[in-house]
Amino acid sequence: MATRGLIEYADASAEVRTVYDDIMATRQTDYINNFWKALASDPPTLRRTWESVKQIMAPGALDPAVKEMIYLAVSSTNGCEYCIASHTAAARKAGMTEAMFSELMAVVGMANETNRLAAGYRIEVDERFKT
Amino acid sequence: MATRGLIEYADASAEVRTVYDDIMATRQTDYINNFWKALASDPPTLRRTWESVKQIMAPGALDPAVKEMIYLAVSSTNGCEYCIASHTAAARKAGMTEAMFSELMAVVGMANETNRLAAGYRIEVDERFKT
Amino acid sequence: MATRGLIEYADASAEVRTVYDDIMATRQTDYINNFWKALASDPPTLRRTWESVKQIMAPGALDPAVKEMIYLAVSSTNGCEYCIASHTAAARKAGMTEAMFSELMAVVGMANETNRLAAGYRIEVDERFKT
Amino acid sequence: MATRGLIEYADASAEVRTVYDDIMATRQTDYINNFWKALASDPPTLRRTWESVKQIMAPGALDPAVKEMIYLAVSSTNGCEYCIASHTAAARKAGMTEAMFSELMAVVGMANETNRLAAGYRIEVDERFKT
Amino acid sequence: MATRGLIEYADASAEVRTVYDDIMATRQTDYINNFWKALASDPPTLRRTWESVKQIMAPGALDPAVKEMIYLAVSSTNGCEYCIASHTAAARKAGMTEAMFSELMAVVGMANETNRLAAGYRIEVDERFKT
Amino acid sequence: MATRGLIEYADASAEVRTVYDDIMATRQTDYINNFWKALASDPPTLRRTWESVKQIMAPGALDPAVKEMIYLAVSSTNGCEYCIASHTAAARKAGMTEAMFSELMAVVGMANETNRLAAGYRIEVDERFKT
């Protein structure tokens, strides 16, 4: 069980419902997931986190699908079980195919490998990469 | 200085030069960076790592630019100084604009934040995300 | 199941019971948690780990409550499910309120975010921070 | 050099200066550090990050000194050189003594150790810690 | 459930069966574990990962038992539940005794601790260690 | 510069010198490295850390060379620059050849890769690995 419990829409304060409504409208869904329901136990945290996510994940120079795949790449690197599950779903909803998933994971794996080779071999940054 | 030293093309064995040549041909460059020069101290490591990177970073369901940005996202998450520098260069060469860079970093930052919120609040994975 | 099993008080050697007794006396509890029961499969590990924890978590320039919250901050950063659970309990026992918990998690999330922004943007340490 | 360069106050747009002014007023300083100068290359990132930090680090159920120490604990866990340097300075400014620093680091070290023991020994969460 | 499902031998393509056969022959077992069955959903990933693991884990200057223990050390550091479980089994099969396990975990714990002390205390690398 | 400065033998208290002497005797060296000199600013930390390292790194079921290589594997995984440098030196002193180093790093890289594949593909632990 979540440390602070989960706040269902029916039990939420007006302040929390305002955020829930915005999440559902922005994501075109009628579902509030456990992450938001858990943060709702501290309304400032819920509001601030949603506002940041809303801004950051909006379409921009990068497509939402690419943004979700980056989110999944980071979550896999950190081994966050909740986030891997929720962002795999979000990435699929945004257009990630199974082929894209496999390629994404291959890059994630390789990057985690070469990051440690670079560290262990104590490799100095090339001059041309310093800008 | 790299733990095993850096092997310059001029001093490389035929086996190592074969890999260097393939890197330069594949990446359309005449430059071998310090990462490859360091791994060259163990030719099996150089060969195996290059073969994997070559396969994984080739165009596919994901564009090379997206793959490089994922690589940069993971490297930033892990704080690998060498890889952040080299993959920022590679991503720019592949088409990452400054606007894309900022959006990428915003997602990386946010994902690292929410990964820990999900862990600290001990949030259970929603049933619908388990597939 | 724990890799080496859990050693219950009733089945413990005199050496292990000595440590268990000290844990219970120091923490004013009659409960030995699974972490200690698992380490007890290797008595030197149990003894050394408890002695260090006992010293480090004792009241000092920092209150026990602050120390437990730091422990929870690190455990959340590392995503250690066991430690997040046990140290949330310990922090609450030491005086952490729900308001403190939310603020603590907000700092943990933000720090994990800005750590990666600092890395990805390759920001140099200001001269004045080098001392 | 920072990936996107550092924006000095004198060269900053009105939008960026507004944030710089708020940082200086809130922190009662005339100094803008490299972290903010680097993020300023993307004004939305600067604004959003500062707004979150401002909210999160304000006095609340936890003192600013405790919040800065938590920030330092996380930054040390992640090995973020920039953040360790800047938050050591910030924590000292907020009241962290050298004795507090040593105790803080001892807890950080111990937590990172026991997090891995809990993982490696595959210890199950005690029933009583699941709430 | 694994994101892409698990491919059983009976349902596998010829390409996948070739890899499964090589795994079983190399490891002298009739069992294909879930890791390989999951990667099999993307045959290039399965093939490339197995080829690398096969090369890297073969006896060499380091014994297979030492290699498996290093694998377990890394997996414990990263908190990868799957890998800790599978590599504990593999290390035991390769000759890791319970005494070796406890000593291994003690080193893992201590290294994770001193890594953070070195970072938090901002310790400079000694000249003599730079080669 | 180290956060709390470095305490040279000549300037050390009797308590600190006792630890320094034990380090030199145990490691058969006349050199105290920066890690110990930095921790010496807090004598309890120095003493406790040395006592633990001394116990943990002593010959046992695992050779000192294997223990140093595990230490290097963890330090490379965590990207700790200081520790990678000092433990590469220590491992070499204990008998690690360049061939062993390359094999060690190959395992470290591969483990960091497969740890994330296991996480990203959300692979369930096989029944037979749960003991």
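First chain written, first letter: the chains are A, B, C, D, E and F, and each begins at residue 1.
As a convention for this text, contacts are C-beta pairs under 8 Å (C-beta built on N, C-alpha and C of every residue); 3 or more make two chains touch, one makes a residue touch a chain.
A quick note: this is a predicted structure, and the numbers were derived from the prediction, not measured.
Both subunit A and subunit C are touched by B, D, E, F.
Among the other chains, C has the CA centre that is most remote from the centre of subunit B. For the copy pair subunit B and subunit F, the superposing rotation over Cα atoms measures out at 120 degrees to the nearest 5.
Counting every residue number used by either copy at the subunit B-subunit E contact, over half are found in both chains. Of all the chains, the one whose CA centre sits at the greatest distance from that of subunit E is D. Taking each chain's centre as the average of its CA atoms, subunit B and subunit D sit 27 Å apart.
Note: centroid distance subunit A to subunit F, computed from Cα atoms, is 34 Å.
Each chain gets a centre from the mean of its Cα atoms; for subunit C and subunit F, those two points are 21 Å apart. With touch defined as above, residues shared between interfaces to two or more other chains in subunit F number as follows: 1, 3-4, 44-45, 48-49, 52, 55-56, 77-81, 85, 88, 102, 104-106, 108-110, 112-117, 119-122, 130.
Taken together, the touching pairs cover every possible pairing of the chains. Interface residues of subunit E facing subunit C in the complex, by the touch rule stated above, are 79, 88, 98, 101-102, 105-106, 109. Contacts from subunit D toward subunit B in the complex involve residues 3-4, 41-42, 44-45, 48-49, 78-80. Within the complex formed with subunit F, the subunit A residues making contact are 72, 76-77, 79, 81, 84-85, 88, 104-105, 108-110, 112-117, 119-122. Per the touch definition, subunit C reaches subunit D in the complex via residues 1-4, 31, 33-35, 38-39, 45, 49, 52-53, 55-57, 60-62, 66-67, 69-71, 73-75, 77-78, 80-83, 85-89, 97, 99-100, 102-104, 106-108, 110-126, 128-130.
Here subunit D touches subunit A in the complex through residues 1, 44, 48, 52, 55-56, 130-131, going by the rule given at the top.
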